[in-house]
Amino acid sequence: MKELKKAASKIRALEVQGATNIALFAVNQMVQFAQRNAHLSKPDLWNYLVKAEEIFAKSRSTEPAMRNGLMYILGKLRHDYEQGIDYDMAKMVEIYGSEYEKILKVAKRRIAKYGARLIPDNLDEPYVVQTHCHSSIVEAILIEAHRQGKNFKVISTETRPFYQGRITSKKLSNAGIEVIQVVDSAMRWAANNMGTDLMIIGADAVTSEGTVLNKIGSRLLALVAKEEHIPFYIATPLLKYNPDTAFGNYEKIEMRDTVEIWKDWEQKPENIHILNPAFETVNRLYISGVISEAGIFPSGQVHNNFQLVYPFLHEAYHLVEHQDECDDF
Amino acid sequence: MKELKKAASKIRALEVQGATNIALFAVNQMVQFAQRNAHLSKPDLWNYLVKAEEIFAKSRSTEPAMRNGLMYILGKLRHDYEQGIDYDMAKMVEIYGSEYEKILKVAKRRIAKYGARLIPDNLDEPYVVQTHCHSSIVEAILIEAHRQGKNFKVISTETRPFYQGRITSKKLSNAGIEVIQVVDSAMRWAANNMGTDLMIIGADAVTSEGTVLNKIGSRLLALVAKEEHIPFYIATPLLKYNPDTAFGNYEKIEMRDTVEIWKDWEQKPENIHILNPAFETVNRLYISGVISEAGIFPSGQVHNNFQLVYPFLHEAYHLVEHQDECDDF
Amino acid sequence: MKELKKAASKIRALEVQGATNIALFAVNQMVQFAQRNAHLSKPDLWNYLVKAEEIFAKSRSTEPAMRNGLMYILGKLRHDYEQGIDYDMAKMVEIYGSEYEKILKVAKRRIAKYGARLIPDNLDEPYVVQTHCHSSIVEAILIEAHRQGKNFKVISTETRPFYQGRITSKKLSNAGIEVIQVVDSAMRWAANNMGTDLMIIGADAVTSEGTVLNKIGSRLLALVAKEEHIPFYIATPLLKYNPDTAFGNYEKIEMRDTVEIWKDWEQKPENIHILNPAFETVNRLYISGVISEAGIFPSGQVHNNFQLVYPFLHEAYHLVEHQDECDDF
Amino acid sequence: MKELKKAASKIRALEVQGATNIALFAVNQMVQFAQRNAHLSKPDLWNYLVKAEEIFAKSRSTEPAMRNGLMYILGKLRHDYEQGIDYDMAKMVEIYGSEYEKILKVAKRRIAKYGARLIPDNLDEPYVVQTHCHSSIVEAILIEAHRQGKNFKVISTETRPFYQGRITSKKLSNAGIEVIQVVDSAMRWAANNMGTDLMIIGADAVTSEGTVLNKIGSRLLALVAKEEHIPFYIATPLLKYNPDTAFGNYEKIEMRDTVEIWKDWEQKPENIHILNPAFETVNRLYISGVISEAGIFPSGQVHNNFQLVYPFLHEAYHLVEHQDECDDF
Amino acid sequence: MKELKKAASKIRALEVQGATNIALFAVNQMVQFAQRNAHLSKPDLWNYLVKAEEIFAKSRSTEPAMRNGLMYILGKLRHDYEQGIDYDMAKMVEIYGSEYEKILKVAKRRIAKYGARLIPDNLDEPYVVQTHCHSSIVEAILIEAHRQGKNFKVISTETRPFYQGRITSKKLSNAGIEVIQVVDSAMRWAANNMGTDLMIIGADAVTSEGTVLNKIGSRLLALVAKEEHIPFYIATPLLKYNPDTAFGNYEKIEMRDTVEIWKDWEQKPENIHILNPAFETVNRLYISGVISEAGIFPSGQVHNNFQLVYPFLHEAYHLVEHQDECDDF
Amino acid sequence: MKELKKAASKIRALEVQGATNIALFAVNQMVQFAQRNAHLSKPDLWNYLVKAEEIFAKSRSTEPAMRNGLMYILGKLRHDYEQGIDYDMAKMVEIYGSEYEKILKVAKRRIAKYGARLIPDNLDEPYVVQTHCHSSIVEAILIEAHRQGKNFKVISTETRPFYQGRITSKKLSNAGIEVIQVVDSAMRWAANNMGTDLMIIGADAVTSEGTVLNKIGSRLLALVAKEEHIPFYIATPLLKYNPDTAFGNYEKIEMRDTVEIWKDWEQKPENIHILNPAFETVNRLYISGVISEAGIFPSGQVHNNFQLVYPFLHEAYHLVEHQDECDDF
């Protein structure tokens, strides 16, 4: 259990980064943990695994892909149990862990394929795609579109305070894609003056209302899209859906260290307070569609699609939420 | 004439900064120029002054307060001439120059007084005022409000790439006002989460349609104000109205050096282009009111109010625009 | 059958009130009716039960929870029959009746739990929740939130002509919650001046388009929410979904007696007509989410969620609507 | 001076009611006061009159028509003085007082004439006009339209807590006009279901931004008008323009006694607070036009039109606001 | 295979017209093709059928009802195969072909029934329904409503360049329905001046985002509906849903021959270019609901409803899209 | 007087066309009429002229430029009279008539000059300007811009039923400007797909609220402009302002002959009614600015600008409207 806590603290300390990496890391830890405790009785191992899930779940407030991975394993195990199937639990943890890993990989590949199709073929003038911050999924879409020979350029906002927009700019530029970089506050100017045709950003989490949580500035960009009637897409695996939001459990917006903002500034004067929110939310009415492994659809559909595509997971969260309901009556 | 060109090039090179400073500097140069040429005949001096105005007008595309100052002197001189008043022209240039200086001072004082009244007295909880970039007029309003003991705090966005928002933060902080500083892309988050009650920004120029030209990011903030129904004010002397816009002559948006954006970045990759627009425009439908020396009114009224308050100036621009009309018929 | 008609007329005459009470009352009547006729043959009893359902359905135009209860019993019976299960029909009516009762209870409990989570924990200043009219579900949410020690106050509009808003005010006040009462036409003023953070109202019915039918004034409040971008929630069991709306069968808005409005007024003058609509509709684009026993989701999802959560019921309505389709071909 | 204070306190205590009545009463008091002090020297009488104006101005925060009347007299006197005209000051107060009275009468007559024209002639089906609260100006328009034989009916909202909407209903009904009365919260329902063609309400004051201050519920009605694209007019003399708002001096919204709301209710529970705002504001973007004695125009034009139609008054307010400006420099 | 290509080219050349007719024609061709090749082995026949589907799919870019018909047959065959059911494949093609035909017929009948219910019974004044272009589904709804004795009239826009609006006008007029015909650019004027209560148009295709593709002018009408808050419905079988749009495969807007626009005009001048787009898209936020064989629901639900109502078809498209996915890993 | 009536009937019968032509024709008739009656006494001639104005005013409901011309002559004459200037009235009619003619010419020239400036210089890609119907003023702007070598193309909608858009297309094409012609219902598609940068249309009349009356379809185009945030300008002389609208006197929308719409159609069926409105109105909130001889400004300013630029005319209308006011008191 100690090693699990160490692993969880690595996630908390941002030593592991990127939603998919964190998910794979946690799933892998769970698998190793099961193997180390393979000698236990099934009920005991089960209880251990449930506790392990809780430890990881608490490590980071906004990591639905990680929590979905752990719930996937637990959900599958419970199902086997209920079906009365006899099996080696530690082994099954490993199998379900690799299943989840494969699901994530397929998801990314499909999203890149579907998303790239949003840029038309055979254009005389380059299509203008605008993004904000850095999302490996958006990057994958654009690189796939470039690989197919599509004609487009990308507007990238620098994304203060950490300048992740520069990562996007460099990765795309290295892949041979033309990029226009502007300061964050020029996002509307650029959309209007460059004639943005399409906006795509990533997501840190999606709620049951179809609200998307993403890097600070995302809601601002969504406002610009709405004002100019520019199609605005979220590229994200369905596995970033947080089913707990259906029960009213929302993440708090993380407030990061002020040093990220005033480090290179002279000594901060007394009456100045700095606020450094990491994320903001985008309401479903601003979102044209979610590009997911299950296809492109309105973000308000995410709850139903998750339920149809990953019924095990849907079920697993309901079981946890309502486990003490029987006693109530 | 050479000295005038030198002076104009100082303005062009940003050696003189701030709309009011530039206006005063140019008016002062005109006065000295008249004194140096006091020995000339009236028609000759007049022609010299007209040329001088043209030299300054070309030095900077977005300096209506400066051009209004020069047109004020010329307009007054013409009026004297048409009235058949006999006078010492060089002397009158000096007199009209100081008149304009006084008008600008009174304007600033009045705007500070009127604007401060927008923050209510005797509040239990601090009023939240949000601004963007640095405007000495907005600064004057807030310091006046603080002097009167009003209870408020200010949200200030850092304003990449030059961080003029930090100037605002420091000036207000030094005056004892509480300031909250956020990155530019958090402007909407801050408005919503801090509960912004009032937004005030400055202006670089105002057009006959009531459109305001101001620092990049201003239109974005206006969008936020509209979305959240937050009163959105422009604090500016009427003298930043550019009467030439009534004839369809709009300023181009200045594109500044890319080095302002990527200086501290590693060698810029090949496919990345940087765009660095200095300003953007805010349409009158986003503006609650303009706080001017002639009072607070809708920005769409600026053309009529300018005409009623400064009839000389209104006339002077019409004469220039339509000078060759007679020949046309 | 006579007793059923008496019971239905009690519902019609508002002797039984509140959507849940009416549903439980009607289900209970159906159970007793089945027991009284337990001696009949199955086909005869079935026909009796179908007729009973029709009698109740006609008693009130806007009681989907009641009709869903009766359809639940009939749907389950039909399913048993189709499965060829042999059983005591009257007994099964009783069993399915209690099932439905339990479903309603669980629904309310879950909604209270989910809804309470919309108010954040550990706030320094009280959250401001605004409601309109009286809904026992909204009341349950707020009392649950108070029980958990959350810091909030409630704005309650008086809800002319029957002042049900005062019932809300008193019930919450008795539970120890701070309430601010205003006249109906001050609903926007209050939202803006008190800084409403969240609006929650109940529902009388929900349609397949995600439109909500609720007390007159609800649409007005929704407009205010939209203008000020205040999250606007509907708290209602999924069982208030009326599946017949999917077939285009909408309820008429009930016009109530004019005496409710002019009773305490001097003799109504001749040219004055009084209109007293009981309800109005709120379109899905104004609704942030529905808080239901199946979780929180966009109101446009209600049709699909009902189908996924209560497949029996979904099926039962389709069978009734399309029963003569076979003959058509 | 004592009698003036008595008169002012009558206004404060609402013993005199209606904007025009209050204006006429105060002007009349000023005239009598001048006559009582006719024996004084001109400078002394002038000082007395200035003080008298201040006493009345403080009696009520939202009475621009009254203050405009007093400023009209003072402005005219000052003008005479500056022109070096020799005259009997007390006599002139009387003359200017009657001038103002006549101006108000003409204003009302013209507004009735212009406003009535907004209802087309010779309609087959009645035009539907919706109003809120009671305004004698709106009443005059509608009675004039009825006198001309126009075919229309009126929707009147009851206007809790004082039911002034019933006054409107009765006055119109007595004049032979068909009226439909609904509760306040049905204002949108009525607009949509009766097919409202036109909305007209009165005004308590107008600001330099073109914002209208009127009975609580007015902003709500304006929202409905905007949503349904129904023309929304304000019927008010230009003399309800408050020129001090151009200097940032806004009235506070009066909070009236809670007894107006809960009088007929059983003993108010402990945790319930009642708020009873008298007015709310309507922004110019919601207003199709102002129907004034100077014609129908956008409410944002009120500042310029006031200046063009009543230059004396415009000047008078500026003199008061800027009287100590000279000393500042 | 040659005959198939001939049939496909008939579709391409518009010799067969109307979405349903085209669907039935293609399905029928497929049935005949299977019968002609009934002697082949199952694997061979299967391959032939797959190729046949491809030939038809390429014949027209916007014919989802046709492609759904062919996929229905293939999906059913595959299912039989996977279940290990032994059967006569050519015979089954015929059976599944008639199944699809019946499904389309039932769909139309149900849509007419559901849609007609949107017009209320027993109205004193005629309801005003506005449509654009000609849709046989909308025609069926209106004729059904007329058959039921409902009181309504229809606004029909002429629909340049082919005047299909006149077809609508004549068909309805022949059925005894009152029609008002206006030019296309009067669509807003008519909505406002006739008091349109309801708008219904057809659809050529629906996407996974709930976007509807329909005749040029449809988006314009949707704008009018949104501005005036008029309920705006799409009448279409679910079978016009194109499941490939979920994978990002959108149809191109067909550009038709310019001769349709300038034929009756004198010789077209040199600098004039004519553009003649056949369709445009309507976003889901403009659509009140889709009237389909599965009921009335938000157009954003079409993906989920299609999946729930036609699981075979949903599955069939996924199999095609992801057939080479296995090889990827 | 008979000849005047003949002339007026020519205007009524559309023998004279185009707002400027009609104005010049009527003014010319008035001049000739004065010359024919030069022998009369001044009071008699004055009365004749007043009657003449009435005859023309009634000839056409929507011809403000004509009525302004006649009022200009009468206003000038009255002013001379009031100033006690002795003069030859018939001669003065001629002089004022030519003055007005010159004013109209200058107006058109200035508008062409100001409007052309809205298209930027030195563009790499052609600017896209969209218009509707045919306006000689818009034509003049575009030809002036082309003469200056600006790079742009024009989208022209055909404007059923009279296809005046084709006139625009041909005139511009003949002048060497590239034109794209689409059907009316493709106006939004074209704006979006061609990337319209600017919209300019003409005006038949402007009201005191800043509402513009123009060809049917103009309001629809304004909606498109608003949706896509495309600058939307009205090119019109201030002299198309109708000052009577300030008194509530609005023109009726002319309903033209149905034969314009169905002429080339087979015999119109019995139940089909055709409506053929000539104009529709555009509200000021949809209009970026009015391009007039007095400059470019918000359309809501038209009343004030008319008053400042043509004070004689403003006065003249007030005198007519209020002539019997004195007797009222």
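Here the chain labels run A, B, C, D, E and F in written order, and each chain numbers its own residues starting at 1.
The rule is short, and it goes like this: a contact is a pair of C-beta atoms (placed from the backbone, for glycine too) under 8 Å apart; a residue touches a chain by one contact, two chains touch by 3 or more.
Remember, it's a predicted structure, so these values are computed and weren't measured experimentally.
Engineer: Taking touch as defined above, what minimum step count separates chain B and chain F?
Structural biologist: 1
Engineer: Matching B-F on over half of contact pairs, by residue number: which of C-E, A-F or D-E?
Structural biologist: When the contact pairs of B-F are compared with those in C-E, A-F or D-E, C-E matches.
Engineer: Provide the C-alpha centroid distance between chain B and chain C, rounded to the nearest whole angstrom.
Structural biologist: Averaging C-alpha atoms per chain gives centres 58 Å apart.
Engineer: Express in whole angstrom the distance between the two chain centres, defined as the mean CA positions of chain C and chain D.
Structural biologist: 45
Engineer: State, to the nearest whole Å, the distance from the C-alpha centre of chain A to the C-alpha centre of chain C.
Structural biologist: Computed value for the inter-centroid distance: 36 Å.
Engineer: Multi-chain contacts only, two chains or more: what residues does chain F have there?
Structural biologist: 227, 285, 300-301, 304
Engineer: By the document's touch definition, which label belongs to this structure's chain graph: line, ring, star, complete, or other?
Structural biologist: If you draw each chain as a dot and join those that touch, the picture is no line, ring, star or complete graph.
Engineer: Every touching chain pair, please?
Structural biologist: Here the touching chain pairs work out to A-B, A-C, A-E, A-F, B-C, B-D, B-F, C-D, C-E, D-E, D-F, E-F.
Engineer: Given the complex with chain C, which residues does chain E contribute to the contact?
Structural biologist: By the definition above, chain E touches chain C via 102, 105-106, 109-110, 113-118, 285, 288-289, 291, 294-298, 300-301, 304-305, 308.
Engineer: Could you please specify the touching residues of chain A with respect to chain B in the complex?
Structural biologist: 132, 157-161, 163, 166, 169-170, 172-174, 176-190, 193, 216-217, 219-220, 223-224, 227, 253, 261-262, 265, 269-277, 280
Engineer: Any idea which chain C residues touch chain E in the complex?
Structural biologist: Checking each residue of chain C against chain E gives 208-210, 245-250, 283-285, 300-301, 303-304, 307, 322, 325, 328-329.
Engineer: Within their complex, state which residues of chain B touch chain C.
Structural biologist: For this pair, the touching residues of chain B are 192, 195, 227-229.
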